[in-house]
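Presented sequentially are two complexes of chain A, the first with chain B as partner and the second with chain C.
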Partner chain A sequence: MKKVLGVLVTLLLLITLAACGGSEDEDTSGDNGGEGTESDGPTEVTAWAWDPNFNIRALELAEEAYDGETELDLEIIENAQDDIVQRLNTGLSSGTTQGMPNIVLIEDYRAQSFLQSYPEAFYPLTDYINPDDFASYKVEATSFDGENYGLPFDSGVTGLYVRTDYLEEAGYTVEDVTDITWSEYIEIGKDVKEATGYNMITMDPNDFGLVRMMLQSAGSWYFEEDGSTPNLEGNPALREAFEVHKAMMEADIVRLHSDWSQFVGGFNSGDVASVPTGNWITPSVKAEESQAGNWAVVPQPRLEVDGGTTASNLGGSSWYVLNTDGKEAAAEFLANTFGSNEEFYTTLVEEIGALGTYTPGTQGEAFEAGDEFFDGQSIIQDFSNWTEEIPPVNYGMHTYAIDDILVVEMQHYLDGRSLDEALSNAQDQAETQLR
Partner chain B sequence: MKQLMKKNNIGWLFIIVSVIAIGMFYFYPMFDALLLSFQSGMGANLEYVGFGNWSRLFNDPTFIQALINTTTYLMVQVPIMIVLALFFSVLLNDETLKFRGFFRTAIFLPAVTSLVAYSVIFKYMFSGDGIVNQLLINLNLIDVPIAFLSDGFWAKIVIIVAITWRWTGYNMIFYLSALQNIDKSIYEAARIDGASSFQQFLKITVPMLKPIILFTTITSTIGTLQIFDEVVNITNGGPGNSTISISQYIYDLSFKYTPNFGYAATVSYVIVILVIILSVIQFKVAGDKE
Partner chain C sequence: MKKFKRPLTYLFLSIATLISIYPFFWMIVSMTNESVDVTQGRQLPGTHLFENLSKLFDQVDMVTALTNSAIIAIASTFLTLLIASLAGYGFQMYRSKGKDIVFNILLLSMMIPFASIMVPLYRLFGKISQTAPFLGIDTLTAAFLPTITTAFFIFFFKQNTKMFPKDLIEAGRIDGLSEIGIFFRIYVPTMKTTYAAAAIIAFMNSWNNFLWPLVVLQSPDKQTIPLLISNLGSSYAPDYGMIMSAITIATLPTALVFFFMQKHFVAGMMGSVKG
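Entry: the complex of A and B
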């Protein structure tokens, strides 16, 4: 009797296993095109990215511009950034390449985290691109251990978007807000509020983008140059950023928001007089057509610490190739388009206003054209010039973890805790938590 | 005897599929997560650290804050919700009440809404220029809008209000169906003996519903310990860390920061341990001797 049972159980297990195996086979043929790899047909390349109007569109334009030798069949899959991060993490940590893309877009702040957490998972592009062609801060962010893993894409170069009509009402000109310090910015903000009743800036207390902007503009970051030793307590740039933040709050020139739509609503409704942020906000600013001619873009204010500049970066991402079948084709595709095609960058500017970080591709008429919305200012040329001045910093592995620690300490600092205590607490937490 | 053996074996055959499936997809991952909780490292570079993760837990201010927040939700929200649900169910069980069906549906309706959808609506209702603030201002109760979502205390209140709204109706349904099973003659006898409505509620309804109350308390406790959607969508843990829940911290550790799945698994096991402890306590306090 026992024997019969044994046989039955074995049979059952076999059936289950066979079923699993069977479905796996189906998956492979579905994802990678089983026939395609055997015959001489085009190589299938899958790419994951977010934002249909920007990154996805850029990929589509790249596919059109591609003229390399290998025939490609590019499949572009749109996912939200958070979903991409999640799927990459689960996929890569389980050690499988099943269902993973060939090309993936990763935000620069997270790049080191992926490169170091999953060694071997990414394919070095060192042989495919010339790093000197790209803005140095981008190369720094996308390289690890002497190899270039990322192909630098969009610039997160920052600027200060200002409402010229509000400034005028308060007795200021655009020149008055160009190349200023953050303290001067706050003083102007007070005058603007007095004259017009509008706040100078809209801010999300949980989002540390502004602080990160200030840090990078002074060539500093949350970490020492090694990218892993927290540098918070004795970081003069961070101290000043905290002080500026508190001074803004105390000057009562801040409108608070808690999500993206409220942020955009802040300037579209005319509630704030200026927006210091990355150049990717341009389409959202221009969305409110009634404000045409009332905006200008100037370099962001600078910190007063040594090395404080008016150029910085916020956000921005780069393309990576996963170390799987089809990696050569994927790398060739990227190198042929984003990595060397100057014309393609002109198309990007004309079609979607996307500003790349490929230096040879930042000249030409498309860049010099004035923008009527900004009263004829050639903002793309301006942004492009500022991109070259961005101080490179090592974003390290834990930018978002430090963000969360600092957000809490900022709250304490605003509630009256001393700056020394707040930053030394943050330093202690960072040291015990990040490992 | 032989016949009996055969019968048993066939019985085993029937359940073997689910036993294997449950073992593979339920117990194996649980055991693996336990192993994982003794490892630490970034992404795929995990190594065994013994009890390192556990000692890290007690020095981790974010975890402690998340634990305090989650316990606060639990201690405040579950009792309020259970009492409310009991109250509603007894009211709606009254046969003389008109439009009973309508009221039942109205109170149960929140339970079928999507967690994310209702969270987003609550977020907008309680924002600076949201409908709640406008109502309070128009009623002249306040002069300036209350910063519901950027004040630590109020943000917690909003979360508690939201989950109470979402889950009261769900628990009410359990009580309503249990109430149907209480023999009406008991109430009749009580009335003849001169018991007031309140006495009837306290001395008959509550004791008769005791097993259901225990059941809903335990499921609500487990649910609240795992709270994620509401916190992420309404406040995203803010301001600062003042509304972050344990589940959200697990998510952050795995996906927002440089992933440390080992430590995240340790934090997950804290929820498991809490659920076990709290359930045992609830059984001891409310359960029968058996």
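Entry: the complex of A and C
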């Protein structure tokens, strides 16, 4: 009996181990990417990205468009963005290239923190691309120490999505909201609320996207040009962004939301009259088909500080090649598609509405085509023109850390603390935290 | 005064029940609605259940993810129970000099957050990959191996073993059973309810585990359910109806395990051996 038990336990153990190790033999593909570089077969290249309808689809289209010399076997792995960050951080800081991909998509705000923390881990693309072909703000975000590490991908160019029917009800036209300042925006918002009862904007108090949009539109950021010295206290753009934020709250034209689904719900349900955000929101706006013809997109309002423009960026990401086996093939693949193929960018626009930042690839019929949902406006062409005007800034290593500090100080400011005190507190915290 | 006590109790309990059940209600209702309805907070059941489900099974490999999660959860539950109960039994039943010190060190290890050992652990598995790829990074085995010996379960079994009568062990020894025999043939059957309670917790922990599988499992065919759901929510325009369907399906196994073992679970928490 004893023996039987012993055998049973051993068997169970073996089965569990075997079941788990089962398919390992034939499938170690993701492990080291392109180990077969020198052999005759296609080079294996692994890529990590998020969003199946956007980035993943773009990679698939790139694979179809690829006509380079090296034969490639591209494996695209879908991961949520936060998950990619977590995996990269764990993998790179443990110094193990095992399991790391060849190509990875990184959000521009986070790029510097990866490039500066793990400079050895990335493969420079300087020899593969011509930086002048890309929007300058994008090159700034993806370069470090004189080398271009990232291949700039999608534009996060911003715009102000407006409900034309609500504006009309309040006596405004689309021209009236074009090229305005944020104070004018607030005044219009008050009138819209009075006439229609709807709020002008929906906002998440914990998401500083709007403030970042305002900052970059004025060519400013949380940091000095070195990307590491916090520039909060004496930053005129940030001051005005805070003031605008408070003025909006006091004018009672803000609908509050606390997560992405409520944000999307805000304009899908028709609760707000405008949405200032990145162009990637277009599919979500168009998801509510009953509102077709009632939307228009205009440049975002500007700050009244020196250098204030109506062009800015929110989000957007770029492709990076990790310094592992198969890096040459991966870099060649990117350079051949995202880096030089103008037709490919037309396909991107036609198939997924993805707006690139590759300047030669921003012309053509696909860009000029009017969008019925936006009452015939050629929004792609508009966005593409605005992309050229986005002021370049150095996002630095700690954008999100500063966000967290400012969110709290903003609450204090709204609760009555003076702006000077709030910003100088933020400056102190930033300096202690990021030393 | 006494007359009012009962209705008040029920009122309070009803409110508490409503609050705790509401998220589940909303999850199930949202499963039948379109994404747009979910974002607008629709509370009524809709007609998109089959659409959501078919989209889900079309777009992502639910079956593989469920299988992976099941393999990991079952293997990890089985090994956790085996190792933790052996250790707990040993710590409680045998005399040894440094026993208490070792046990205290073990308890201290409960205070180390997993995130802080993740990088060294990843490094370790990277090394293992080079000699034994079937145990290394990107294998299901690697996803549960670090979680099978936890101080919590050893402690749990040690505490419950306190109730286990030493006389039974003596009786076993007199009848000629080996020490291992006593464990498997006397201890394990007697402590059934403790095992059941531990099994539920271990299964739930493993089923919901996110961080370590996220880091160590990279290929899509190794994906577990929490990883799959995390991916679903990652697009710029997430489909909430579909996500809710996935979450409902992911919740079912833990709910079922709990319902079937509820009786044992309660008994196990109270202690296996009735005094």
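Basically, the second predicted complex is superposed on the first by the 396 of 435 C-alpha atoms of A that agree within 3 Å, B and C clash if a C-alpha of one lies under 4 Å from a C-alpha of the other, contacts with A are read in each partner's own complex, and residues count from 1 in each chain.
The criterion applied here is as follows: contacts are C-beta pairs under 8 Å (C-beta built on N, C-alpha and C of every residue); 3 or more make two chains touch, one makes a residue touch a chain.
Since we're looking at a predicted model, the values are computed, not measured.
In the overlay built on the shared chain, the residue A:420 is in contact with neither chain B nor chain C.
When the two structures are aligned on the shared chain, A:433 is found in touch with chain B, with no touch to chain C. Legend: residue contacts after superposition of the two complexes on their common chain; A:284 is shown touching chain C, with no touch to chain B. Touch criterion met: A:99 reaches chain C, while chain B stays clear of it. More residues of chain A lie in touch with C than with the remaining chain of the pair chain B and chain C. Judged by the touch definition given at the top, the superposed model places A:53 against chain C, while chain B stays out of reach.
In the overlay built on the shared chain, the residue A:262 is in contact with chain B and with chain C.
In the superposition on chain A, the residues of chain A touched by chain B in one structure and by chain C in the other are 1, 5, 9, 12-13, 16, 82, 86, 93, 95, 262. For chain B in complex with chain A, the touching residues are 2, 5-6, 9, 12-13, 16-17, 20, 40, 42-45, 56, 59-62, 123, 127-128, 147, 149-150, 235-242, 252, 254-259, 261. Chain C makes touch with chain A in their complex at residues 35-36, 38-41, 59, 71-72, 74-75, 78-79, 82, 118-120, 122-123, 125-126, 129-130, 133-141, 144, 178, 180-181, 184-185, 211, 214-216, 218-221, 227, 230-231, 233-238, 240. By the touch rule above, chain A contacts chain C in their complex via residues 1-2, 5-6, 9, 12-13, 16-17, 19-21, 23-25, 27-31, 50-54, 77-83, 86-87, 90-91, 93-96, 98-99, 101, 260-262, 264-265, 268-269, 280-281, 283-284, 287-288. Within the complex formed with chain B, the chain A residues making contact are 1, 4-5, 8-9, 12-13, 16, 82, 85-86, 89, 92-93, 95, 113-114, 116-119, 121, 205-206, 256, 258-259, 262, 397-398, 400-401, 404-405, 407-408, 410-412, 429, 432-433, 435.
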